[in-house]
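As structure tokens, the structure follows; a few thoughts come after it.
Naming follows writing order (A, B, C and D), and every chain is counted from residue 1.
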Amino acid sequence: MSSIFGTNLKISIFGQSHAPAVGVTIDGLPVGEPIDMDRLRAFMARRAPGGKTWSTQRREADEPEIVCGIAGGRTCGAPLTVLIRNTDVRPGDYSAFSDTPRPAHADYTGRIRYSGWNDFSGGGHFSGRLTAPLCAAGGICAQILSRRGIEIGAHLLRAGGAEDAPFDPAGVTAAQLQQVRSAAFPTLLESAGIQMQAAIEQARQDGDSIGGVIECAAVGVPAGFGSPIFDGVENRIAQAVFGIPGVKGLEFGSGFAGSGRRGSQNNDAFTVSDGEVRTVTNNHGGLLGGITSGMPILFRIAMKPTPSIYKPQQSVDLQSMTAAELTIKGRHDPCIAVRAVPCAESAAAVALTDILMDGAYAQWN
Amino acid sequence: MSSIFGTNLKISIFGQSHAPAVGVTIDGLPVGEPIDMDRLRAFMARRAPGGKTWSTQRREADEPEIVCGIAGGRTCGAPLTVLIRNTDVRPGDYSAFSDTPRPAHADYTGRIRYSGWNDFSGGGHFSGRLTAPLCAAGGICAQILSRRGIEIGAHLLRAGGAEDAPFDPAGVTAAQLQQVRSAAFPTLLESAGIQMQAAIEQARQDGDSIGGVIECAAVGVPAGFGSPIFDGVENRIAQAVFGIPGVKGLEFGSGFAGSGRRGSQNNDAFTVSDGEVRTVTNNHGGLLGGITSGMPILFRIAMKPTPSIYKPQQSVDLQSMTAAELTIKGRHDPCIAVRAVPCAESAAAVALTDILMDGAYAQWN
Amino acid sequence: MSSIFGTNLKISIFGQSHAPAVGVTIDGLPVGEPIDMDRLRAFMARRAPGGKTWSTQRREADEPEIVCGIAGGRTCGAPLTVLIRNTDVRPGDYSAFSDTPRPAHADYTGRIRYSGWNDFSGGGHFSGRLTAPLCAAGGICAQILSRRGIEIGAHLLRAGGAEDAPFDPAGVTAAQLQQVRSAAFPTLLESAGIQMQAAIEQARQDGDSIGGVIECAAVGVPAGFGSPIFDGVENRIAQAVFGIPGVKGLEFGSGFAGSGRRGSQNNDAFTVSDGEVRTVTNNHGGLLGGITSGMPILFRIAMKPTPSIYKPQQSVDLQSMTAAELTIKGRHDPCIAVRAVPCAESAAAVALTDILMDGAYAQWN
Amino acid sequence: MSSIFGTNLKISIFGQSHAPAVGVTIDGLPVGEPIDMDRLRAFMARRAPGGKTWSTQRREADEPEIVCGIAGGRTCGAPLTVLIRNTDVRPGDYSAFSDTPRPAHADYTGRIRYSGWNDFSGGGHFSGRLTAPLCAAGGICAQILSRRGIEIGAHLLRAGGAEDAPFDPAGVTAAQLQQVRSAAFPTLLESAGIQMQAAIEQARQDGDSIGGVIECAAVGVPAGFGSPIFDGVENRIAQAVFGIPGVKGLEFGSGFAGSGRRGSQNNDAFTVSDGEVRTVTNNHGGLLGGITSGMPILFRIAMKPTPSIYKPQQSVDLQSMTAAELTIKGRHDPCIAVRAVPCAESAAAVALTDILMDGAYAQWN
């Protein structure tokens, strides 16, 4: 069992919510790559908690320390490890949940899996806190991809009954992705963002939470990367995306909607544009047979509502095996989907970097 | 890049649509397991082409030959290889597509990926034909799981505008799964099956195709199997499921619908039933933090419409880089989703066997 | 647990000594590579049993059938599977050994490992017979390497008290390797071969067996392939070489002898020759820090004497847990080291192809 | 390319000799295991530099900080990361070697492999310094193995012309291994230790270095662990052992000496002792067919002489591609083999823990 992702690029995530630190080791990065620390901090800040109405009030600087992997300011071929110290730690808040598991959390399954030895504080290794190192890895990979003309961006497509404008599947541009990455709230339409924030605030006031759907796009990925069967781009993005706590669904291109269409409606006609093979539409989401087509890679992920709500919930006392009511305290996001947006980008960034580092491709080396 | 799945149990799929054979090597099966060949043939026959209005007219006996891995009729610890000879082969049908790629097929991406050396006949290694060895592996794993009280079943939930009754998330039983596995057409409601078959027949007559949504359930899986982050049950099922050609989406439990709910609606309360911890509802689809909860594992997959349709389609001539119209001949399913039903069960069976074989459940923990 | 080797190139070996077949799937070969079947047969014939005084009298044609992975006579990117049917099968010869394990064989350890379900016939999956698919994979990789100027050859350095001339560590040439590969008996010095064959014949007449040391070299491997720590060329060659039954030792360059020297004697001075960086001596065996230096890669492997001898041996009856005398019948090599020579080349060929396919290297793709 | 070892237990080593830190992440440890920090420090101190005549004068406290993986003082199922800060860092000492590679070091191969971006300071990721995290992982695994009755110990068998008494292959005991682990100098015979230290001191005075042979044993490993072909105990120990810089050879049991014997001399007769199956001799080194026999596991590794010597050496100037004389300064061990003794134990400990965690030994078989 491992918290390691990747074949050519290996991302090894470690840490617990209330341990001294969380972090990640990235093994297999291309060499000679500078790491722009300000850009990395800015990327990680999109995920970092604190100061926003939609996020937990836990305060974490999330300052990344690169303890190795760099020489003369550039990647040197050695594994690169980013260490992020946990500072605002309150283990005491969670002592109760080892015997009375929180609904929709991993308290119960983790207890069985690890014979009760798992770290219950803040969910331990199951915590959303572990997406900080994921974003550290994603932010680094995104810089490397960007130098090769590949841009990744995501936005909150649906939340709290509000709907953002979707990306144009065949026409989404790098500029649009850069723009949405820099938005204060991750939507294309300001109006949608306002509605979503209102719904989040309402949920907070109700002691409740909401979920959401994130749409992610990657443009500039050349055609011909990936493989059939078990090692396709979908398989790898899926393995990375389901590493984000709270993800319950994933679809590429027209996805579930496309499954309700006829082939004549869903097939994407090929055409030649500026001497390049393109498709007129992009229901395939940039992926055919597990391999990139050169069109934008598009996927959407379903984030469940934050499991931690402040209403009383039914649980069980695992000692006495009797019903027990539970009321969660502590500090939690009313909508984890917002902070999951850069996590989706990170999952895509590490998966694509892994695939692009594959031996099948020369220009990367 | 590999067509190998699994960590403890390794499934290595080989073959091309029009090569001498397709097959699979299964490495890491539990020992001493008898293989019921009649039951395996019956399982594979659900996927096999021919004789059904909804399937290609290509005739393949799909007779599995176990060339190794057995001693005295039982698994012996050595890799088990199943060989399936291709018999009804017509490579000539496909010669045209190497220069004029079929929309929504892997002709173009495969050509780029493999510098034009890929086998275009019937899609080569990208073909749905490769689900025959997947089902051979799945059928064998399903027998092993069944002996341990784990039953897996799937049905066609949506196709051609018709909708089958969904599984009861918290109440689906082994008996129901066995029943739907033995149905002539894979629906719970006969009426839904009749509508779907009519829609498929209509698509065939129109020279078109349709997609569908498959729902799969696994019951009897004990709590505590799986892991957080990148090695969860969702991650592994996803890697297996996206190995089925045509899958464009995957959701667990309440999935995308759940992402539109509030936490108070989507959280599953714990309760004690017959001395066991259960959840009242099952929006989590049997999985919390990547680990099984003991509730039924539930997922749905979106199958795109069969790419091969008989209407003229727009493509490009890759030699002259000019527009070219394409009309597909050959033999194809108007709805691959029907024959994909046992493939979904197979993906679940190999993924769950892989997870259940993990060392974490040894005497060491 | 798996019989799969490799990271970029995956070699999956299957079969048992007396099962219907043995074989191998090679996943990840470069594309567009023709397979010269005559050359492959000739390579495999060096390992094949029968007709030689030093080999078992078991007769096996070892005819390789490529059931997939080829299109138009060249590798097509799909996994390539070679099937080798077992023809001269006599399971009955081994029925006794399940309860009375043969010394130095895996009868006992395999019985414990697989709870008695393992295939005892001819050693099942533990048999030297499984080196036939290894040589099929090795022979194919050797052709691919040869096209890139890399030649691999091995010879029997020591056996039965006789010693062959060692390769010149810094000067061994492709021509010498090709020559020794075509020798009727694998020695550089005919005189050494004659002495070894006499020692083997003497062992046979005595109902005994002998071991030997194989020296293997690879020339033409460019500098800069491999990695430090756990993924070096030594690590990978070791993993492949210890996959050959009977290997008990492995050393690179000056190996154990070098460990008795001083640094001033063992260090290899760098020099410039024809504009290339070389070393004057080659005690490092072409590998520094797990990475190729451009000098010949040199390793030696220790093969234990054939475990099967015809003298009575002490064993135990595992049913009664009492002492039992055992006398082996059947057909066996008096010196497996001779037929292991092409196996050593094969291990080197698959390991080097795996490493050379790594994403770090452009010219291969 | 990765610095990650293991299948069930994954050891991910990171750091460079003169980076802020070195460390290791251990993923997949059994849960509920206390870590005795004093015992871990004592184990690591055997490898730590400084204060000994045979080691470099570089001073490193090698204080291990466990930043995660523990809850309530015991392993909790989350990856366990040990961070070791580098304190006595002098990058300046090495600036010269990027253009003039040191003989027998990885300066040249690393430069080619990483296009000159590799960290030359102290060898960067190639440095023996990286054995500190290996020993941290090994020391933790050794504690876990010890609780299960498995003891591992190693000694310096040969160095500087002196020879220690070998372990009794069939009779070495846990007590003997514990004793040699606590010796001030790692030999069984004090006299041999005195001779070796004298030889090391002489080499130091001569500005030279020596190598050595390390013998390692593991007792208490039950029979039946491991697998044939590529996943045997030999294969895994080999992959771990060749991760120690300077290892050029490895042999199990009678190894190279056994390859010169006849089968009748090298085969180990089975016998029953105290109701258990044992072998009278142990030329097989506790391993048959890649699987443990229950007898002591025995292997020897050849360590090359320390590459860093103070005599002038011939190298090349890679800028001008002309001959250049090189004289190494800095601080180095005259015999790395001494400090490599606990590294050998560590390689065995991580490899055996990995194997013992395997699913094959779960209730499933």
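By our rule, a contact is a pair of C-beta atoms (placed from the backbone, for glycine too) under 8 Å apart; a residue touches a chain by one contact, two chains touch by 3 or more.
Because the structure is predicted, anything quoted here is derived from the model rather than measured.
K.L.:
Return the chains shared as contacts by chain B and chain D, ordered by label.
P.N.:
Common contact partners of chain B and chain D, which must touch each of the two, are A, C.
K.L.:
By CA centroid distance, what chain is farthest from chain C?
P.N.:
Checked the centroid distances; the maximum from chain C is A.
K.L.:
Could you grab the centroid distance between chain B and chain C? Build each centroid from C-alpha atoms only and quote it in angstrom.
P.N.:
Whole-Å distance between the two chain centres: 38.
K.L.:
Distance between chain C and chain D based on Cα centroids, please, to the nearest Å.
P.N.:
26
K.L.:
Centroid from C-alpha atoms only, then distance chain A to chain C, rounded to Å. What do you get?
P.N.:
So the centre of chain A lies 45 Å away from the centre of chain C.
K.L.:
Could you check chain C for residues that touch two or more other chains and list them?
P.N.:
Where chain C meets two or more other chains at a single residue, that happens at 1-4, 8, 13, 28, 78, 110, 113-115, 125, 358-360.
K.L.:
Under the touch definition given earlier, write down the residues of chain B that touch chain C in their complex.
P.N.:
Those residues of chain B that touch chain C are 1-4, 8, 10, 12-16, 19-23, 25, 27-28, 31-32, 65, 67-72, 74-81, 83, 110, 113-115, 117-121, 124-125.
K.L.:
For a test of understanding, state which residues of chain D touch chain C in their complex under the given definition.
P.N.:
Chain D residues touching chain C: 1-5, 11, 13, 101, 103-106, 108-110, 112-113, 123, 125-126, 130, 158, 161, 203, 206, 208-213, 223-232, 234-235, 238-240, 242-243, 245, 247-256, 258-272, 275, 277, 279-280, 283-285, 287-293, 302-309, 311, 313-316, 318, 321-323, 337, 358, 360, 365.
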